[in-house]
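Given below, in the form of structure tokens, are the structures.
Look for chain A in each of the two complexes below; its partner is chain B in the first and chain C in the second.
Right, the complex of A and B next:
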């Protein structure tokens, strides 16, 4: 390994500071005893965390978002894995179209998607249903999963699967026992990305959520348009903490390197 | 009745013909190598036998049963892949047990057979390791054990030794042959390494441009190559271009005015020919006492033997001589070259073009 020169070190430090500073600041602000968004100078207080739990709609929205992200990420996997297999292994009419179709949500602005779905749901009379909300999120997160699955499949030595076939495994068994475990890092990475994207999604969700299905980002947005107080910082801090804990657990259990990079 | 038969088997990929009209009969217990340069269709042939590639034309039968269109998982053949294709997420024992598991062999018997297979390849103490914890040679042996544990009627090896270093490759050649002898499985090995093919096979199939060009026992292939490509591909040889001359009972190859006595059947006079002579068939003599005089251009010491390049009136000729312990002729010294005319091979150039 080559040692970093002083210029490179300064550069890395600046990049890290740029990425981490807002997160650190928001976490500090959450502990302010004041009524405004400010760094705690007079003392530390948990009053804004208490305020979060005094708003039951925030708690409901939190669970809405967790369910929504879990369901849409999982269903996106169920869609993207077979699609990835078909796209990477076979040539068939409409293959490029299929690839483009699955990836197109990446290039359409979420605002446009939101308005379009709002109109569509009004026509279908489907406004406010949680199932339809899940459907819209699947569409938005599938490209991420598909990309990672395709990357995993393209780096895969197919002879392991062929070996399984010659040893007596049918096509499905060979996939389940050999191919799927070998592309698991891609699948898990895709699931995580999809989960995070769905959990974060605001722009489109504003249009397609109903009072019963408001997600956490939408709830935060609605709250923030009315009043800006340190409770937002407390919610953000909680979200950062939950994500960090989830990552830590995952790393301890499976190793993040193995899941995301496929290092063995 | 041959055990494994290929009749008129061809494979086209679009407009490209990878394998053309291969006819091959292999007996039970035989060790056959498919030898050829890369792109000659040898691996495609192997994959068609394994069922991983479907032939465009022709018929493949195993023990009297037509398997041309049978799925690979129904053929029950053992395949060892070039990359070994071990399952990275399974231990050595799980890898070896996979084929038995697919056959629903009861647990007790499975354990016993896995143990036997691992002891056959001398890896008994590695059962609980993962493939990533093994060396190249060990992985290779796991792949062989995994293929053999299902007691396949035919074992197919795709360049099994090409990923190993030179010393290990030599050891594994003998190891492969030992295992094959012990188990008695009919074996087909694909290789581009002629030394490997010659040393361990009962018969060698030479393939060029998708076609089979010669099928013979290794020593016959070496001594009687059917064309110039084979004589230069199988072992080292000197190839000298000349013209065939016949004068009553005597015949010779005319190379730029130098006549070298040789015999050949069915070659009309004045035909352009290629003369092939192996370096080890040429003896070094005192200058003026051999069939041809020359001057040593360079010499290389290879341990067990010396390799000379000799500048002669017919061109540069490579000569190898066993190391007898003494000092051989210096570079630049004049020598005579001698050989037995029976060791010359005359190949008509039409056969070279074919």
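Right, the complex of A and C next:
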């Protein structure tokens, strides 16, 4: 392994400072005792955190987002694993079309998806229901799952599965006992990526949420456009804290680079 | 492909439900939006049942809309360039580190990807504001305070921050496939550090960089939260323009026509870029 020179390390430090600066400033400002966005100079205060928990809109939106992300990530797995099996294992008419269709939400801007859903729901009279919101999020997160599932399947040694089939295991048993455990890192990584993408999604959701189904990012966006006070910093700090904890747990359990690369 | 491909119905049963779901919720809404973009609109009575090309004509001839499209392209291109200039060397530096530093710093660089865009944009609006830390630092060194917030500079800075992980990840992935001993072998065989970097490392990195650029450009050109929060009401990009037409002006057909233009432009750039990546891949792999 070669070492990095001093220039490389200075560059690296600057990049780290750039990446961390906005997050650090949020966490500092959240503890200000003042009424305005300012760095805490006279003392630390938890008043803005208390304000967040006393603000029912933020609490409701938080749970909306958690449910939405959990449901859409799980349903995306249920959709992407069989689709991935079909695409990676069979040649059939329409295969390329299906593959392109499943991955298309990656190249369709979320903004366009948002207005398209809005039009569909307006015609169906379905605007504002939570079930439809989940459906839109499944569309958005499925490509992430499918990509990792396809990567896991393509790197798979199929001899174990063929051995199981030779030894009399049915198709379903072979999948459940052999294939599924082998592609589990891909599935888990896909679920997590899907969860995070759904939890953070703003641009599409802003068109399809109703006052009752507002997600946390949409709530924060609306709040940030209307008022500027340290409460926004406090909510953001809580989100950063939750993300950091989740990230550390993930890294301990699977290794973050393994999830991002799919498989090592 | 395999012996089992003789089971003709199997793939249809596996992928069928998902396909129906995607046709109903991707293709159908997009088709409806295309149709919507041709509907006439009247400010007092709303969407009309007559068809017209007037929205598209208005969008491509009106100076106001054209300037927004140019701004969008300019900002996205600049963001992509800066992301490549920062992300590629950073991924290379990371790949040369030892564990545990390597894992820790990778986590720090990629971690912000998991933090909501609204949070990160809000952080930049505090840093770049007139009383923000950046201006305080400028004044400390004797420079006059600059107006950064609500300018294109602010949008580019925040977009680079948001998009950087999308550049680092593919380059890092490409570098993981490169055996570090190959670079060392090039040195042993008399190549200078620069030559080794150019002839051994760069070919590997280029593909990662191209696919990273593709993602960064596409996401930047259609970014909503960053221009909406850092551009103010005056500095619009394509996404914030569509948002305004839909939710403030309520002129859905006009908004739809802009959204369709954004979509088509995005698809064209992606296809062109894809072709480039494929040609590159074929040439590199022989």
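In the analysis below, the second predicted complex is superposed on the first by the 248 of 264 C-alpha atoms of A that agree within 3 Å, B and C clash if a C-alpha of one lies under 4 Å from a C-alpha of the other, contacts with A are read in each partner's own complex, and residues count from 1 in each chain.
Quick note on the criterion: contacts are C-beta pairs under 8 Å (C-beta built on N, C-alpha and C of every residue); 3 or more make two chains touch, one makes a residue touch a chain.
Note that the coordinates shown come from a computational prediction; the quantities given were computed from them, not determined experimentally.
Peer 1: After lining both complexes up on chain A, report clash or fit for chain B versus chain C.
Peer 2: fit
Peer 1: With both structures superposed on the shared chain, find the angle between the C-alpha centres of chain B and chain C as seen from the C-alpha centre of chain A, to the nearest 10 degrees.
Peer 2: Here the answer is 90 degrees.
Peer 1: Look at A:160 in the shared chain and tell me whether it touches chain B only, chain C only, both, or neither; answer first, second, both or neither.
Peer 2: A:160: touches chain B, not chain C.
Peer 1: Which partner, chain B or chain C, touches the larger number of chain A residues?
Peer 2: Looking at chain B versus chain C, the one contacting more residues of chain A is C.
Peer 1: Check the residue A:117 against both partner chains and state whether it touches chain B (first), chain C (second), both, or neither.
Peer 2: second
Peer 1: Using only C-alpha atoms, work out how near chain B sits to chain C after the chain A superposition, in angstrom.
Peer 2: 5
Peer 1: Across the two complexes, what residues of chain A are contacted by chain B and by chain C?
Peer 2: 264
Peer 1: Name, in rising order, each residue of chain C that touches chain A in their complex.
Peer 2: Touching chain A: residues 1-2, 4-5, 7-8, 10-12, 14-15, 17-19, 21-23, 25-30, 32-33, 36, 86, 89-90, 93-94, 96-98, 103, 105-120, 122-127, 129, 133, 161, 164, 169, 172-173, 176, 180, 183-184, 218, 221-225, 228-229, 238-239, 242-243, 246-247, 252, 255-256, 259-260, 262-263, 266-267, 270 of chain C.
Peer 1: Per the contact definition, I'd like the list of chain A residues that touch chain B in the complex.
Peer 2: On the chain A side, the touching residues are 157, 159-160, 162-170, 173-174, 177-178, 181-182, 264.
Peer 1: Enumerate the contact residues on chain B facing chain A in the complex.
Peer 2: Contacts found on chain B: 50-52, 71-73, 75-79, 81-83, 85-89, 98-99, 102-103, 132, 143, 146-147, 150.
Peer 1: Using the touch definition from the top, list the residues of chain A that touch chain C in their complex.
Peer 2: Within the complex, chain A contacts chain C at residues 1-4, 8-9, 11-12, 15-16, 18-23, 25-26, 29, 37, 79-80, 82-83, 85-87, 89-92, 94-95, 98, 101-102, 104-105, 107-113, 115-120, 123, 135-136, 138-139, 142, 196, 199-200, 202-203, 206-207, 216-217, 220-221, 224-225, 232-233, 236, 239-240, 243-244, 246-247, 251, 255-257, 260-261, 264.
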